[in-house]
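After this come two complexes, each holding chain A, first together with chain B and then together with chain C.
So, the complex of A and B:
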């Protein structure tokens, strides 16, 4: 299982995939927004994704955003 | 002069405006979000109104709440700062309709300059040089492809209604145009602007040089020198200086005269900025856009002219004369201290544990934060503006090095290491740089 974590404090602007979706390395899972900048969160593995955040959430640096099995 | 001013903004600019308002003996009213309750601008105001939650749409960008705060406090005038409502003609109209003084240009001037395509056509008619580009809004990719073919690659793609570099991109061929067009369209729809795109000829080795103008109460428009804003990352300014080291006195004279014509063309009142692109090799320039508000980098002009631009704005809004100094004095540089990592320039908000500002001869710091406060992810990353002034550019650079080294920040990430690096960069030190400098430093 691969974990995808937030690199910074941010708001979850958009969730682009649903739980159970098959994703591949390089897919954009979530778009974060911090300080008026959009930060795409990218899958670094292939597998089935579980999203741990919802649009509008605030994530802290290091928070879990998704897992890929 | 009016009795009170409500400052419809936050952070460093709200604090900076409040400083002048109080110095002039006027009551300063601050509005703020829940996230900003502990910031210096709130603590330093004479009166404070909480607008709502951190999200700007529910606080600083909620028109009813801001106008309600003005009514409740009996504000006589409203200063919008930059960003937020500063270039919102409807807000300006609503302020005026409520019987308050709007500290800014007439709503009509905001509308005319806010649409970049209209502004460009208007400037061309006024005899201000413009780059080859689209005269009508481009709304589809096929149209964009035809326009780009006509203009000739590379082209700059941007939104007609947007600002702050968001959605801007350079296209070198059809494939990259598709990407740039898509990016600009998404930005246009997202920021509520009209989904109209503008294409312009892209100048490869360009400097971004802008002229500060003031439309006085008696109707005359004056130019207060230029600012070179070519140090940019993601099309956003990081460092600005005045005078520009990259233009000849002859070009400066032409640019200042064109900026005055631009202001006169819209009957401009108050502080405004005419942004231009300068072709460094040909020593020629084209109009880029006009910002109908106070700029982030206005301290650079204040340092070389000795003026207080906020005081000038207030006096003009009150119908009073403003004393205009002859020429400029020395050299000034501003460093935008952003809460971002100094390598990739990614946001790095956080709680401030240590905050020690530099001081000394020729050093000015406009900051929005203090020890114990928190830089949150809800707003732009500007924490402070470190400004230095010297009799020569070399002296200003020397003072910049010392001030950057003396500025201590712990907690949020910050770009001071980048500023230090820039001050030792050969291109910057010689002054022979263009808007590609930062990307050359970070390949």
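So, the complex of A and C:
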């Protein structure tokens, strides 16, 4: 299982995949908003995704955004 | 003087050569038939040679891991010091291949003194000749700090770097960890910043050392005209959208260069390559990581790169797309002020030609830090859609006009904010103003970028900083 964690404090602006979706390395899972920038969160593994955040959430550095099984 | 067959042992001897034999390793590093020993082949644990890489003269030395695990005694250390003397005298790059457990225990303080003399020779040569280290086996203690004092450290898959190995760690701290997790490619490429380049094999590591020695040892000149690339397609249409800057860096160079520290502090990219045939160093914010913000690690990484390039007279190209310094308690307590100051110092100190290109935005303190006019940039360009400001216009009017905005009826507030932001941008943020002030020299067509930057570098007076390259 791979964990995808937030690199920095940000707002969750858009969630682009749903729980149970098959994702592949390089897919955009979520778009964060921070420092006036839209920052895509990219899958670094292939597998089934579980999203741990919702649009509008605030994530802190290190917070879990998704897991890929 | 003897000329050694680079493929020593493979044909002459019946038994296959020991891959740890320094002559085998050095033979793979150097051009065929170019290797000449400059120290005796003995049981000292190290030997040194002169030779060429792609025709460029270099000096190289290698630990002899067959003798006491390559441990460094007084005699072996003297061989390395001699190699440094030769490299400095001939003004050629020096490449060290490391596979050593550190100072020889049996020799006691004598070996410590000898290892210290190697460190002193390295430091004296710092900024004078390019120093490249390739760690091909375990390098512990003194053999870890040796590479760490040099300009560029390459780690092959079997390379390990640590002050003390797993056994000592376990007995002192109780932490149970294997050699690879303690000091292998993963921790050193991502966490510690000790290593600049990681490779999958020893042969690849030696190849990278050859390429880097060529880039630093034979820099060449900008020749004729360079091909143009239309960079405008590389920027996303939405100005707020993040993108990977690496294709832009590669597009700027004749062919993809060698990125240093690609996985450590990835929000800034530092790459050595060639433009118009001349070696250049490229520094670029990467909006894909941390939004491209500068933080303490990235400022430190870039500062060291700037100082290395400056010391060897390698012109710099700085691609700016930076929203600012990363805010946060973690950053402040991590010393973002002290470590960020290193980048200001490095650029302000640099005497090498250095061109800045603002591709999209340059905000706040990070604008200053990214080789701004005030820090002495040779030339500052901007693409037509670039923004230079203290902060984004909307954020600025929310502070400057907060009373007006608060007084406005709620349904009109958004429109007012947009109108004020537009006005503010005209006064404070627009490119025109930056050009009027002289902080940007010229607005550049993205499709004419390579040629203009190459021209500035070709016409600039060559210079190099008179300083060492302390491993910041």
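Assume the second predicted complex is superposed on the first by the 69 of 69 C-alpha atoms of A that agree within 3 Å, B and C clash if a C-alpha of one lies under 4 Å from a C-alpha of the other, contacts with A are read in each partner's own complex, and residues count from 1 in each chain.
The criterion applied here is as follows: a residue touches a chain if its C-beta (ideal position, glycine included) is under 8 Å from a C-beta of that chain, and two chains touch if they have at least 3 such contacts.
What you see is a predicted model; the values in this text were computed from it and never measured.
Colleague: Determine, under the contact definition given at the top, whether A:40 touches first (chain B), second (chain C), both, or neither.
Modeller: A:40 sits against chain C, while chain B stays out of touch.
Colleague: Could you say whether A:11 touches chain B, chain C, both of them, or neither, answering first, second, both or neither?
Modeller: In the superposed model, A:11 contacts chain B only, not chain C.
Colleague: Touching A:2, do we find chain B (first), chain C (second), both, or neither?
Modeller: A:2: touches no partner chain.
Colleague: Determine, under the contact definition given at the top, whether A:58 touches first (chain B), second (chain C), both, or neither.
Modeller: Touch status of A:58: first partner only.
Colleague: On chain A, which stretch or stretches are contacted by chain B in one complex as well as by chain C in the other?
Modeller: 7-9, 34-37, 39
Colleague: What residues on chain B touch chain A, complex-wise?
Modeller: 164, 166, 234, 339-340, 346-350, 376-381
Colleague: Report the residues of chain A in contact with chain C in the complex, numbered from low to high.
Modeller: 7-9, 34-40, 61
Colleague: For a test of understanding, state which residues of chain A touch chain B in their complex under the given definition.
Modeller: Where chain A meets chain B, its residues are 7-11, 33-37, 39, 58.
Colleague: Where on chain C does chain A make contact in their complex?
Modeller: My answer: residues 238, 240-242, 287-293, 323-324, 326-328, 330, 392, 395.
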